[in-house]
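Labels A, B, C and D are assigned to the chains in the order they are written; within every chain, residues are numbered from 1.
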Amino acid sequence: MANIKKLEESEVFKSYFKNLTDRERAVFEGGITLGALFHQFVGTPVSLNNKESLEKAIEEAMKNQPCVEDIEVKIVGDFEEGKYVSLTGEMLNVKLKIRVNETIAILRLRYIEELDYPLMYVEKIE
Amino acid sequence: MANIKKLEESEVFKSYFKNLTDRERAVFEGGITLGALFHQFVGTPVSLNNKESLEKAIEEAMKNQPCVEDIEVKIVGDFEEGKYVSLTGEMLNVKLKIRVNETIAILRLRYIEELDYPLMYVEKIE
Amino acid sequence: MANIKKLEESEVFKSYFKNLTDRERAVFEGGITLGALFHQFVGTPVSLNNKESLEKAIEEAMKNQPCVEDIEVKIVGDFEEGKYVSLTGEMLNVKLKIRVNETIAILRLRYIEELDYPLMYVEKIE
Amino acid sequence: MANIKKLEESEVFKSYFKNLTDRERAVFEGGITLGALFHQFVGTPVSLNNKESLEKAIEEAMKNQPCVEDIEVKIVGDFEEGKYVSLTGEMLNVKLKIRVNETIAILRLRYIEELDYPLMYVEKIE
């Protein structure tokens, strides 16, 4: 329906973000979504049996967050048949697209071997 | 493959549970799975758009846990078009089937209005 | 005050557990608490700086759960100065005391090297 | 020791953030920390007995995150003696100070009644 508005489109909501440029807003919202995703799902039991349904559920859940236009989640690792592990940050490979007006930010969460750390960073802003 | 064994079928694993009857083991494993499910997923963004993929992902993730034979998860609540909320324990309606040898326990997590509390309990043991 | 009753002492609450022996109830509640603890806190940033406050907060939070009489949480691992990691199940060493009437169950969560798995089990019931 | 460097001070780490201004970096890191905090701790059992230890543990855990200079967490709500609830986003009142070189950003997470939503926003950047 034409008059169903998302929370983020309300004037009150918008008033809290007037002090940010579109680029700043985009990386702020992207940061929230990456931090949320990591800390919500790390610990979840994962195996070959549920890897795909978990990837999909993470993507779909995160699309609810303000300004998320698209998101791709891959759970990477050597899974053994018949064995499950707890999801860790190191296993997450995420590509997140945030839109604020005409600004698009592409953000990443992925394990960086050189740092031995699952890094969240901004790949590009257009 | 016939010789792929789940962790829970190893002799070392089993040795830790020799002090429990099958009934006790069943409710112990059921308790773990209900506690795990609640505290893993509460907080997840949920709306009409991702309710089903989240229900499915919770079910599939929890089937990895030892002794879980089946599980049904329903997320209940009045969802408004275009709005998302954080998943709460009150929204979870879970039916869990645990098997230990010939013993089957049916466990529940659901909101009990009289208690104003999302209760975990054992519905029956057979 | 004498007439402040905990939820778990209400007759409605108790009515859901009439089908369990005290031993069964004890291991059920113990299982819930261990599953809850693991899946609530795994992922938390932890370093030498906050190890103790996190251990204490986990203990105090879990004492709210029904039938928990006492709990001891140790976070184990080689922490490097100036570096933090995400809490994993392998780092948790938990001793949990559950009371149901006169029955006391001691439960454990700890990493078992032979299994390469953070195991939840019942150490003894008295 | 003078030569213990935090991860975020390494050249490899820094190289991932060369495309951001200090302001952008500050709100990005602030967003991550707020999203992380919310989704890590929502669901934790909380009562009058453990409110303070939980507030402290959240603060101390989040100080590990890159660029966090200070953080104040208050858990707000009407707690009844002898009763516990699951922590919700609505109960969180957070003030977060992020530093990137000379830029300081103050970020907030708090429940906004008009929106009926626990909002994360940037209060000011200096």
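We take it that a contact is a pair of C-beta atoms (placed from the backbone, for glycine too) under 8 Å apart; a residue touches a chain by one contact, two chains touch by 3 or more.
Which chain is which protein? Per UniProt: A, B, C, D = Dihydroneopterin aldolase.
Note that the coordinates shown come from a computational prediction; the quantities given were computed from them, not determined experimentally.
Of all chains in the assembly, those touching subunit A (Dihydroneopterin aldolase) and also subunit B (Dihydroneopterin aldolase) are C, D. As a whole-number value, the distance joining the C-alpha centres of subunit B (Dihydroneopterin aldolase) and subunit C (Dihydroneopterin aldolase) reads 17 Å. With centres set at the average Cα position, the gap from subunit C (Dihydroneopterin aldolase) to subunit D (Dihydroneopterin aldolase) is 26 Å. Averaged C-alpha coordinates put the centre of subunit A (Dihydroneopterin aldolase) at 30 Å from the centre of subunit C (Dihydroneopterin aldolase).
In subunit C (Dihydroneopterin aldolase), the residues that touch at least two other chains are 7, 36, 38-40, 43-44. Interchain contacts join each chain to each other chain, per the touch definition above. Residue ranges of subunit D (Dihydroneopterin aldolase) in contact with subunit B (Dihydroneopterin aldolase), taken from their complex: 38-39, 42-44, 86, 88-89.
The part of subunit C (Dihydroneopterin aldolase) that touches subunit D (Dihydroneopterin aldolase) in the complex is made up of residues 1, 4-7, 36, 40-41, 43-47, 49-50, 53-54, 56-58, 60-65, 81-84.
Per the touch definition, subunit D (Dihydroneopterin aldolase) reaches subunit A (Dihydroneopterin aldolase) in the complex via residues 7, 10, 12-13, 16-17, 19-20, 23-24, 27-40, 112, 114-115, 117, 119-122, 124-125.
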